[in-house]
Amino acid sequence: MNVFESVESEVRSYSRGWPVVFDRGTGSWLYDEDGNAYLDFFAGAGALNYGHNNPVLKHALVDYIMRDGVTHSLDMQTVAKRDFLETFTDVVLGQRNLDYKIMFPGPAGANAVEAALKLARKVTGRESIINFTNAFHGMTLGALSVTGNSMKRGGAGIPLVHATPMPYDNYLDGKVEDFLWFERLLEDSGSGLNEPAAVIVETVQGEGGINVARDEWLRGLADLCKRHDILLIVDDVQMGCGRTGPFFSFESAGITPDIVCLSKSIGGYGLPLALTLFRPDLDIWEPGEHNGTFRGINPAFVASTEALRTYWRDDKLEKSTLAKGEQVERVMTELAQVHPGTPMFAKGRGLARGLSFETGELATKVCRAAFDRGLLMETSGPDGEVAKVMPPLTVTDEELADGLDRLTAAVNQVCA
Amino acid sequence: MNVFESVESEVRSYSRGWPVVFDRGTGSWLYDEDGNAYLDFFAGAGALNYGHNNPVLKHALVDYIMRDGVTHSLDMQTVAKRDFLETFTDVVLGQRNLDYKIMFPGPAGANAVEAALKLARKVTGRESIINFTNAFHGMTLGALSVTGNSMKRGGAGIPLVHATPMPYDNYLDGKVEDFLWFERLLEDSGSGLNEPAAVIVETVQGEGGINVARDEWLRGLADLCKRHDILLIVDDVQMGCGRTGPFFSFESAGITPDIVCLSKSIGGYGLPLALTLFRPDLDIWEPGEHNGTFRGINPAFVASTEALRTYWRDDKLEKSTLAKGEQVERVMTELAQVHPGTPMFAKGRGLARGLSFETGELATKVCRAAFDRGLLMETSGPDGEVAKVMPPLTVTDEELADGLDRLTAAVNQVCA
Amino acid sequence: MNVFESVESEVRSYSRGWPVVFDRGTGSWLYDEDGNAYLDFFAGAGALNYGHNNPVLKHALVDYIMRDGVTHSLDMQTVAKRDFLETFTDVVLGQRNLDYKIMFPGPAGANAVEAALKLARKVTGRESIINFTNAFHGMTLGALSVTGNSMKRGGAGIPLVHATPMPYDNYLDGKVEDFLWFERLLEDSGSGLNEPAAVIVETVQGEGGINVARDEWLRGLADLCKRHDILLIVDDVQMGCGRTGPFFSFESAGITPDIVCLSKSIGGYGLPLALTLFRPDLDIWEPGEHNGTFRGINPAFVASTEALRTYWRDDKLEKSTLAKGEQVERVMTELAQVHPGTPMFAKGRGLARGLSFETGELATKVCRAAFDRGLLMETSGPDGEVAKVMPPLTVTDEELADGLDRLTAAVNQVCA
Amino acid sequence: MNVFESVESEVRSYSRGWPVVFDRGTGSWLYDEDGNAYLDFFAGAGALNYGHNNPVLKHALVDYIMRDGVTHSLDMQTVAKRDFLETFTDVVLGQRNLDYKIMFPGPAGANAVEAALKLARKVTGRESIINFTNAFHGMTLGALSVTGNSMKRGGAGIPLVHATPMPYDNYLDGKVEDFLWFERLLEDSGSGLNEPAAVIVETVQGEGGINVARDEWLRGLADLCKRHDILLIVDDVQMGCGRTGPFFSFESAGITPDIVCLSKSIGGYGLPLALTLFRPDLDIWEPGEHNGTFRGINPAFVASTEALRTYWRDDKLEKSTLAKGEQVERVMTELAQVHPGTPMFAKGRGLARGLSFETGELATKVCRAAFDRGLLMETSGPDGEVAKVMPPLTVTDEELADGLDRLTAAVNQVCA
């Protein structure tokens, strides 16, 4: 037994599928301690949109550390934080005509979600939240209560209440008109649905199986929320920061959520950072009503600011992501055609892609076979039935082609 | 209005008391953008026990970044993580004969608490938790439910249930025998107390007002838990990593908690890291039953490992902390004697010290006056009535004397 | 102001629509203190299936009281209770091949529901219950949590949790396949639905608007419960005891619920009595684990036994109820045809009938106009949009015709 | 197996201790089907303060039934209900200068408690309730959540939340100043106690072991509630209607609760009736916001009215109850002195009396031995350690002496 097996809790998971010891990383590549290289199409579960140890960000980061820039500052004012606030306001919000206040709720996506739920309840005076089937919003108790996965929910050890699931887009295979059930419940004073404070939704469900909500469905949801005076929270923790193409994943739908959760790649370099954005009129927090020790990690501000400046001052990254995403889809669609005996289909948007199999076993086998070929991929979905492809957005054309070749070989092996 | 006021949420708090923009930090000092220096007796609310940008840790950190050591790895195996696990096991656990499994529950203390509560409930099959008056365990829903502060609890927007407060040591001014009430409730099948899964306790309540639990009280609590088959969780997020002298704050009591939460200074450099430690037989987690994006921040592992090697291979830091703590207490006690017209008293242990006033207004005035003299201090306690002194453990004798002089001047001004 | 207005709480409701003081009752008739007669097509909200002061039951009741038969006995053994148990077992259960244990959960329907929910949770170890849109199960906290009406739910003053509403039969106007949504949630481990202990359902929703579940829908529900190991509770408090024709309202569907709740007319004479029936293997109660002061009212046992002997030894009452129900439906359907300008339609089963209007105002007007004509009727449904017709099952043909004439006149007036 | 054993649920309890079949009752006596007579010192758990089938009440009741007085009327206005309201207002409230609105919450004590809790939450906008150790308030979910007994709480099958137990009078053996803990929690904004809507208390805990709260303790509690703007609910379901001497058990303390719950003997004849009384300014119910099928049982109104007229127009019953209570206490005290080897002590007030042993086994043996001598008594207390004596208040001196002789013989046998 190595030290991971003897000392670390049984709760560890990724280490079981990839039983090597990683040492270095750069761009789309990870290297284990024996020098073996792995193409990383997992990208820190979406936290590494700009790749491992992106040199531009690294430069800014090391400069900051070397000059003894303040590292840890809670919610004190710092030069690095000001730089981040100004850049985010300018490059991200301003260019999209979004008027949001910015809250630093703690280091991780779950903190962004917890703060969003608290605020929605505080503003509306209601307790209940609507979430969607196969949603994933985090592991802390508030975030877990709006998460779908039953194994993870069971870990709470108490009944998870105050949330009611509604069908995500296409959950009922198109057999039911969008929002027929949800809206009927809201309009009927006898329905038994507790009046919701908010709806929380992912535009693409990453952990839930790369399920994509159509733009018109999202617009329908936003309309419904407006009509019924329910706050709309978009959890863009995984799909934001360009994963689907545009900076915010909801841009293509043309909607403006009341509250937005960001984390993962917002830190740029894989360092913890999270934001909860909301309409200025919702900003009724008391000073210190929500706080946290790690809500001001300045190295993350520095890397984040540098990433915004480098990648979001024009639309090159967005276009590249969309183009690369289409390439992934093409390859996956071909794979499905080549193997009619093993039903599979492509799903996803931008560079959040999945190849969906009929069982979790098949998808797991594909990921194993990919690993054997030096490609890191993970499964997702309620039964782990989707082989997920989420390379860094900075993946080169060659790397993408290389990785898709490895994926193809893996699928071919499994379906042989 | 500056960008903090115009764009950041009203929830910000520290920035209101210290309305300058900080730029650099080193050791016990912070510097604002105009070059003014501040002696930091706040130390990141306990996250900066080794000071700002500690040069030894900084060296290891920059080396790691420069050589492209993997930054973000979730719960994958990495060289940096192995190094951390081995060092922590050797330097911290082994030397204290503690046999704990190590879980990485997410980046912050609240994650360590959430995981501890989940595990306690899972192991025992019970839902209820006992917490203590004026406890602080974090802002996520599970952690908040065992936190005392009513303003912060109100922020939840839903009733916080499943926790029952018990009196912390000396809460009833010594008028009531320790655990008389708690034990009576447990022994009486008609008491109406839901059978608890666990007790969660801080040995010194930092946010609650630098309230110190006596060693014999902690031993009594541990005994009671054992007799009634209740798990004992020590939240050592703020008081661990040497803040009270020894690495774990419960060492002097001679107790062995079933579960321990660590965060804040465990990351060494102010980078987010959290641990949940527990008895090996409690490790019944399913793989992935609790997870999180930022539970493997390798720069934090590197800095943490370096801090353990530098400061915990011998007992120098522990002894120094105890000695410095006594110095703080002496000065505070003198202040109380010098100002009989303004009742105040010293409290605390190690370098977690407080000067308790009769009102929050007085303590706030003292902190303001300290800030005017270039000393950063914060209030704590339910009414903010305690002026808290928590310098880095690496504070030099000169810096400590300097800071205490500034504190003395501040108190003298307020009490004049 | 009379004493009702000056002393009784504002919570009173029926007295507002029928502002007279009733004195005597017999069969289908109530008389006010001025001697005015009212045809009662409300029948104690279903508690008076055998009419007011039914002479046969009255005879047995007075005999019992006169001979000093024990009145109040909690769950002690009494001659009257034995008589009831034997008669119920013989006349009701035996003839239907139903093998149920009988529990006396307290005096009212809500007690029967509370006991059913407790038992379902105890047996399964799960907390969550599935209820249906527009369900009504009672006003105590457990029963209220599975009730749909939002005004009544709001009265709880705490969030009502642990229940999730599903669409009742035809709730979505036939646009959605039965149980498509429910079964999808159950089959998907990522749906976010807490695994339910039980489903609670009324075969006809009386308070909810006289909504009738089709037999095939009920069979589908029973099948689904069996497949997913969920207990099926039929709340037959209002629709049992022959209201829809057969003794149990679920008989026509050919299903056998795991748990059945009875109250209202089971007492025969309008005296409080309630039963919770369940499969013998579910009888895992500890002695006294659920109790109550008024769970042994012997005058109710006596009247109930007499009612069972008188009305349920043959199928005359059942047939008569069905025939009379059809007569009500005919008249209602004609009314709808006569007034095409005021859309209305008939709904119901047996002698639980409703005339559904487009607004609650219209239905209220009809009930007012009926009252002016000496006919007692109430509205039901989420907006009070259904004028409900629930005469005693013992109503004579002449009385029924008389009442329907009054109803016709009332509708004609309102629609004129 | 008889029909009780074969058909009735295992939940039955009293029938196990008294395995005979009762047939008739009159005054203080029950008779089994074989004609054996039993002196009833249990009195329907307090529902039969006026004895079995009290001839005065019986006369009024039979008259009412014979003249076809309306039996079941929900919350409609009836002559019998008016009579009750006027008599209760005049004889009970008026003579005590109590200004309460009267609500009919349903047939049983648990309904009175559920309505009280709902109203307190609605009025204050808070969810939390303070209850006391060893409280008993009923078996429906709301009432159960404020009940102490762990076996009964466990029957809920869900975590019971929103209530926090406080120590009842003398719970900590006089070692702790009254309300020290409670008031400290309320005054400390960091205590973690959710701000309570109400306190619910019994002046004497019947099921909890005949624990008596001193008048000064009750006054202290009422003062505390007033100071902290918390509603005071007295649950007088068992101790009201003269059980402790005066009509309301809180009269001797000179306090005026905000809300009072009555049931059990308020029906006079053992028929279900319950009242929730409250200050007029609290009457903010919406019409129908709380309802119930059996909240207007006119035979109970008739018997109740007759009982009020017969027993409460002067203070004879009150004085007699106090005198008889003292007689019980004398006998019990003597028993304790006679048997120094078996520690026991008398407790109680009025005719709610208990002989407390060191174990439940002893108390059970005494009740068995009493039953063998034709005396019905039950145990109470968390471990069943108290042999409870609650004869009808109408017990004659001879019957009381007879019963106490039987009790003495039973104790002597057990302690021999």
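We call the chains A, B, C and D, going by the order they appear; numbering starts again at 1 in every chain.
Going forward, contacts are C-beta pairs under 8 Å (C-beta built on N, C-alpha and C of every residue); 3 or more make two chains touch, one makes a residue touch a chain.
Worth saying up front: this structure is predicted, and the values here are computed from it rather than measured.
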**Message:** Let me check something: if the centre of a chain is the mean of its CA atoms, which chain is farthest from chain D?
**Reply:** A
**Prompt:** On Cα atoms, by how many degrees is chain C rotated relative to chain D, nearest 5?
**Reply:** 180
**Fill in**
So, in whole Å, the Cα centroid of chain C is separated from that of chain D by 30
**Asked** How far is the middle of chain B from the middle of chain C, if each middle is the mean of its Cα atoms, in Å?
**Response** 58
**Fill in**
Taking each chain's centre as the mean of its CA atoms, chain B sits from chain D at a distance in Å of 49
**Request:** Return the residues of chain A touching two or more other chains; collapse runs of consecutive numbers into ranges.
**Result:** 127, 151, 158-159, 162
**Asked** chain D touches which residues of chain C in the complex?
**Response** 2-4, 7-16, 18-26, 30, 33, 44-48, 52-53, 58, 61-62, 65-79, 81-82, 85-86, 89, 101-104, 106-111, 114, 117-118, 120-122, 127, 138-143, 145, 151-152, 154-159, 162, 197, 237, 263-264, 269-272, 276, 278, 283-294, 297, 299
**Item:** chain A-touching residues of chain D, taken from the complex the two chains share
**Value:** 158-159
**Request:** Show which residues of chain B lie in contact with chain D when the two form their complex.
**Result:** 127-128, 131-135, 146-151, 153, 159-165, 167, 171-172, 175-177, 180-181, 184-185, 188-195, 208-209, 381-383
